[in-house]
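What follows is subunit A paired twice: with subunit B in the first complex and subunit C in the second.
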Partner chain A sequence: MDGLKFVGKRIPKKDAPLKATGEAIYIQDLKVPGMLYGKILYSKYPHAKILKLDISKASALPGVKAVITGGDVPNNFKFGFLKDNPPLKSGKVLSTRDEIAAVAAVSQEIAEEAIDLIDVEYEELPGIFDPIEAMKEGAALVHEEFPSNVLKMPWKFVHGDVEAAKKESAFIAEDTFSTQWVTHCCLGTSGCVASFDVGNTLTMYSNTQIPSLAQGDFLEALKAFGLKNKRVRIIQTVIGGGFGSKLDTYAYEYIAILLALKTRRPVKIVFSREEEFLATSPRQPTITKISQGCDKDGKLTFREMAMVLDNGAYTSWGATTPSVMMVPISSLYKVPNIKYTAKCVYTNNTYSQAFRGYGNPQATFAIESCLDQLAEKAGIDPVEIRRINANESGEVTPQNFRITSCGMKDCIEEVVKRLDWKNKCKRGNGKGVGMASLIHVGGAARVYKSDGCGTIIKVDDNGKVDVITGASEIGQGSDTIIAQIVAEVLGIPMDDINVINNDTDVCPWDVGAHASRTTFVAGNSALGAAQKIKAQIMEIAAKNLGEPVDALDMQDGIIFSKNDKEKSIPLGKVLRKAHYSLGGRMLVAEHFYDPPNENFDQTFRGNLSVSYAYGAHGVEVEVDRETGQVKILNYIAAHDVGKAINPMLLEGQIYGGGLQGIGYALGERMIYDKGYLKNGNFLDYKMPTVRDVPPVQAVIVESDEQAGPFGAKGIGEPGLVPTAPAIANAIYDAVGVRIKDLPITPEKILRALKEKEGQKA
Partner chain B sequence: MGSFEYLRPASISEAIALMEGSGGRGVYIAGGTDVMVLIRQKKIFPGCLISLRNIGDLAYLNTASGLAIGSAVTHNAIAKNEFIQKKYTALTDATNKVGSLQIRNVATMGGNICNAAPSADTACPLLVLDAQAVIAGKDGDRKVPIDDFFLGPNKVALKPGEILKGFAMPAFNGRTGSAYIKHTRRQAMDLPMLGVAARITIRIDGDEIGCKDALCTIDNISNILRRFEDEKLVCEDIRIAMGVVAPRPMRAKKAEEALKGKVISEALFEEIGEIAASECQPRDSIRGEAWYRRDMVKVLTRRAILRAVDRVIRPDDMIWPERLW
Partner chain C sequence: MKKEINFTLNNEKVTVEADTQWTLLYVLREVLEMTGTKEGCGYGECGACTVVIDGQAVNSCLYPIMEVEGRNIITIEGLMTKSGELDPIQKAFVDEGAVQCGFCIPGMIMSAKALLDAKPKPTEDEIKESIEGNLCRCTGYVKIIDAIKSVAGGR
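What follows is the complex of A and B.
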């Protein structure tokens, strides 16, 4: 036994009762005194000149307090990663999600009515919707102020000599793979309430997953709006899912700020489901040319990939996903020679953002599908080629990732065993098995200058503990994990721990809920703070009990001497003694944990993460040859997680990720037709339902990562990374057709089967 | 969402009177699962909603002769009915798969038919079960064969003010089975990409039809049918209906004709599927491509007939668990 009382236990989420009873306050529920309701008018066309924009009727509607248009945005303010996105567009629209006017009114209904009264005349312009077209010489420019539709981004990684390796390879497989737009489908749609006080301090009630960065973004906006040296306070409501969708600030937030400024009243904007589909930023489509080679024994010799990403009309984090894509491209399996380039291309489509996995699923789909193609060419079993090339602890990868702990081989073996691979593969009866592995950052990711998180712990006179953390609880369970860690260090019950996490006026800095980093970074931060506060407590207790500090321990809120169990004192008593005495003190500790990882250098080398997460998924499918429908019979998801702080929450991440991955693989796609979203609703966007959940075994492989809190690594994203290629590989095993563009619909399978039949005939 | 009056008449005649008095701005509402969506999408702007939920005369379910179902009976009530499960199984298949349990608990078959979406799940079963629509108007009731009730997408043969009272289906002999197959991209909360229903009555000269040995309970229907080959099962009567492959749910009449009176076999069903596919006019849409839908008519017609045959040969709940789903 490891002697742990809280860490490693299946403890239910702290916020579960609140959510189950409906008591949790989401942004949808929030009402602020005097609040107005904002609503946004979006462009009718994907590319058009605005000839006329008449707001007079809307302004005259009783109950309407403000109507704003592009002209009301001061100083030509623009936001986003490349600052190419004005919160309200004037003159020209570049996509159907372009915001062109907004209203604040005393009720949601009036705001909606006012929007319908805004009179717009457009002159439609031809649009560019295909990134390949947009890259061509002489293509019309989406942004006339830029010289090319290709974004100026440096995405290129080269290691070794791919050309030489090609010549020496015994087998080479090459192909082109493509992926689609998918969106996060958070149950809690995006929203905010913007509110100024008399001194122009902005309070944003928000469901952002990046409170500290959003604070910076809004401060910058205030400056542009003429409010210098003001303060911004972000208060997070309970968040109904993030998955990356709330990792950037959006136009609606700046619009709410502008409306609040104009009306001097709090303004709430909450997205309808249709808006959530239209106006939040999805995972971007990719077109990937890949070639991989191996020697006669199946050892990988090189990997070459060239990718084109549809950036959409504006730039958010979508354009930076090639950085994280490089993780699997350079380091999934041992590959000595690598060449990777990526181009992000402006189009008149929706612009893309972060989504769980941050590019990794797109890259892994190509790599792992192609690896099976290579295995077939080389006459090697798909499992065997993965065994031969698997990553290992102690490895330094081409990008200079220092692999400290690696459970990849164990994950592969779990899949092989549980899927009964030997007996289930190559049956030729419409059933088949497939697998795919993954690597992801598992110990944070230094994509900003800081990758840190702060924690403050304060203990009151009664022995109750407040943990004030920078970490955002977006449904993943960070509060519970943090409380478990603190409870473990201090030796006090979970119920005595309160986690405060939602107010930038109170909480320390954190870079945000991204990169599967919260358990690792916020956990380490909480661990450090807990150790510091424990030292303070023990020091006081030692004086009280007349025992040396190292003889003391604490359990269930009682401090006792390990030498003499009689000598004990309740935590609360120690604290009161410390507090109610002359020159009394209070007990507060703070700890800022910034992991010892590295930013990439100019060549994209650097130890991005302190540790790396591994996993392998295996799937058994049955394909209906007549209808092309795929049924998942069995799904194994084995993950190297370092150490499971809470196996129940961890399995939740794996189940959820796996199912999101299954949706990505088999059904979900945003259908954009010449810039128009055709299926912005849950009827036609085929997110799997509970009835579609196959039997999933979440297998936890522990590799004990020394740098992680109690040995833990991140697991937030990995669950959906290898899902699509595992399924594609299984379909190939079942019926011999390889589908190279996601999602794998029945139509694509049936068409491929027919083609195959035709070839035979 | 605009505002509207909500009226709750207690009888059919009161409802019709309210509709007359609404000056053309009234809309009947049963479960509301289509009406409310249309209102929220700003596709209709009713001045008043006239609820049909408190009218007992629309909520009957009568099995004295054939089957009579009131228009306000919910999908779930139909799905759970054991008599329907045994004798009108295609309806069970369909009502079981409408939306989700929450939808099935409030949505009605009458609403499904009056809304007349090309994808309405209960349309094909009603077509193959020879249902008549019973219509109540100012001047009394009239009956219309369901095939004549559908006029086009969202268009039915109701005159202004008329209420669909319910459905009347004849009794079928014990050598009859029916099935409906809904082809979807996911297992719940989905409209059909296409749907196919079939009803078949089988004749075998001088003998009872039925599986006599234990193997029958575990083997698949294709194999069982093969074992019946010498006994020459004849298709005495057949109905085939297809949804989402034309502007309205339609019968595959040529396919029916080609099967009627013939000795049945899976190979023949294959041909029947081809004929049905040639009769439909599917379109490309975001929900499915035309070629695929046509292909699936072929496959699902065969499968639906086969399943209906199965239900004649093996009328035992144990062997078709999908009916219990």
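What follows is the complex of A and C.
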């Protein structure tokens, strides 16, 4: 695509100056007149009866305006995917993050003091912390109202005949892999301000990633609280990181609403860092049994996977991660026979939720680690087995995904070339290389009934353009991508475009910043709206210039005739002429784009996404046999992105995702010991620092996706999907030990090396 | 107990009636309502609250206000020129794509400022050392390093 002025260019992020000067207002920075400060009391035990809950001292503290407990939640209201989570718990607690009381006070300090004055007596109960134990016959029930600890969500996908394929396979590899809890570590913690006006319209200042869905959740809550037929307005402050953590509504938000209702004043709750670790929902831990086979030539014959997920004590949208795990399980490489089952199991642990990749990293860790095991059994180079089985455009996968653009092979070859694979593998000197590929949704994901996004464009009398989008900005750069698309279509400078994206009273509906969908869906929506407004502009300009519409073009905000460049008119003048005339008009256009993808049917088949994103990561590591330390010498992340609307921002997604993946692979872990979080702070939770950044190359492969805006596909999540298995495979190549349990710590490597030595001796 | 504290803040003399228990961060954000300096953890492990005191980058969340008497403090609000132009470090962060969610960025920039004021041409290792106490979850740090390098004329 030649002649593009804005699309494909390294244009700085629109809101970066605001953020680099400290002017951006995050939820932490927001003060509303009359605002009170809310604070939550959490359970002391992971499983206990509440024998006594005395709030009298807290209520009597000067400056305290309200203290609420489970009894103050009207109509037994519960939230969450299975409506199993009361915002304040009564009678019994099921995890150490259970909210049992909350305070609103005139200052943060008084609110904290009041929390300390709440007197609780518990009777501790034995808990269940291991999902395998919780699945056993006769295990104590986490929720007594349900018949089993296994959630009634039967995840099962079957294609072809796995048993027959097993018999016909020349080689089979099988093993068990497990993954840990990791948390988002958004630098800006979670928070909100809830405020009611005299008519009981609720305004929530929020850092949610799902304003339209959150609006629905809060409306439902208001109804339960006796406020029927009211309005909810969500205003997003600048959001200090998302990564999936704000993809659901949380107890603290309902608590803020209840406190605001009780006090008739705005109430702010912002998490401390300790609370952020304790009371936000991490990536779900998994235990995966996997078996894969191939024929004598290395062609995959089947893949069988059975997973157990620790759901924790309550159920969020995170319980649907198996639906996204199915994407790689059914469709990463060409596999004719598939069997997959997953069980989400209640325990007395923290409950899990969405985290960048949404189950895909857990599944891909097992698939890609096991694929190397299979390649070894078959005597085939790891690269070769991936080449043989790579996805291709035109393919229809077992889940009925229709593969349009597919740059998987190109990504693999980029890794091979840039890592110098041939010379770097099988050296046996403590250095090794490994790789892993990925598939992810790249053209939205129809999880809900609508997967759409709306855009409104209005042009003012001076030729300045407001783009009002449903797309949430969580740091990923949707503000800039959308502006680039509009600038390209209209032929106006980036600075003339203002993107409004944070107010449900103004912005059209959008399903949320998830599934790497924003560039694709919001981009297509903006593209459609820009084309509509351009048609209006050209129609008026044509009349003014006495030229046919077809003869006109616009550049730098000037409309001119392609036949006669002397005939031109600035955009602002066109608009003023349209506005200030008898029967005048304003220029506004709207466009709702809902992609032509499909919900899954009962058998989990359906074209979930309009297009699919591919990638391959390759890594060279050096393993110290004495200490077990892993050093990354070189990291290649090649991604098929369709078309890079903004290569600079796109590289930022790959670098950022990649380092999150490295953290997941090598160090990060929330340590829960019998329901208690042991490392809920930055010192003990080893999130990567600048010292952990390896030499890294982000390689952009463009496959020109026909359905994408200017050819683009999604890239928000893929950066961390194949990281852990690529590293695990490289470690195996370096020192011959395979670590199957994340994170791959030096201790695990040393233990494995010792075992290996023992076997030799 | 409150006490009067005098210091220089972004090249202006300031007097604050401060509780002796307060931190510098608390005074900046809650008393002076300068919210450019962020609180990411409150215990000195994330660097979001970094300011420059007498040329040194420090975590303002741990810094007792009583220690500030007579000192010279620069915060993120003090970098832009009076005519509204970005400081070269701020501009580099914008132009190099080093800003995503942005919550860590004021602290990052202040760490970079302390470094570059003391050492206009730092090595890559010195750049990393200067921001190793500043956590960022979005960027993978790559473009942050690039931005600081570009100010140092190292590109």
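Some notes on this structure:
Methods note: the second predicted complex is superposed on the first by the 760 of 761 C-alpha atoms of A that agree within 3 Å, B and C clash if a C-alpha of one lies under 4 Å from a C-alpha of the other, contacts with A are read in each partner's own complex, and residues count from 1 in each chain.
Just so it is clear, contacts are C-beta pairs under 8 Å (C-beta built on N, C-alpha and C of every residue); 3 or more make two chains touch, one makes a residue touch a chain.
Predicted model, so just to flag it, every value in this text is computed and none were measured.
Judged by the touch definition given at the top, the superposed model places A:627 against subunit B, while subunit C stays out of reach. Judged by the touch definition given at the top, the superposed model places A:667 against subunit B, while subunit C stays out of reach. When the two complexes are superposed, the chain touching more residues of subunit A, out of subunit B and subunit C, is C.
Of the two partner chains placed by the overlay, neither subunit B nor subunit C lies in contact with A:198. In the superposed model, A:678 makes contact with subunit B only, not with subunit C. Touch criterion met: A:686 reaches subunit B, while subunit C stays clear of it. In the superposition on chain A, A:51 makes contact with neither subunit B nor subunit C. Once the two complexes are laid over each other on the shared chain, residue contacts for A:747 go to subunit B alone; subunit C is not touched. Comparing which residues of subunit A touch subunit B with which touch subunit C, the overlap comprises 682-683, 689-691.
By the touch rule above, subunit C contacts subunit A in their complex via residues 29, 34-43, 45-46, 48, 75-77, 79-80, 86, 90, 93-97, 99-106, 109, 128, 131-145.
In the complex of the two chains, the subunit B residues touching subunit A come out as 1, 100, 183, 185-191, 286-289, 292, 295-296, 299. Interface residues of subunit A facing subunit C in the complex, by the touch rule stated above, are 10, 12-13, 15-26, 28-29, 184-189, 238-243, 272-273, 474-477, 648-649, 651-652, 654-660, 681-683, 687, 689-691, 693, 696. Residues 109, 626-628, 667, 671, 673, 678-679, 682-684, 686, 688-692, 745-747, 750 of subunit A are the ones touching subunit B in the complex.
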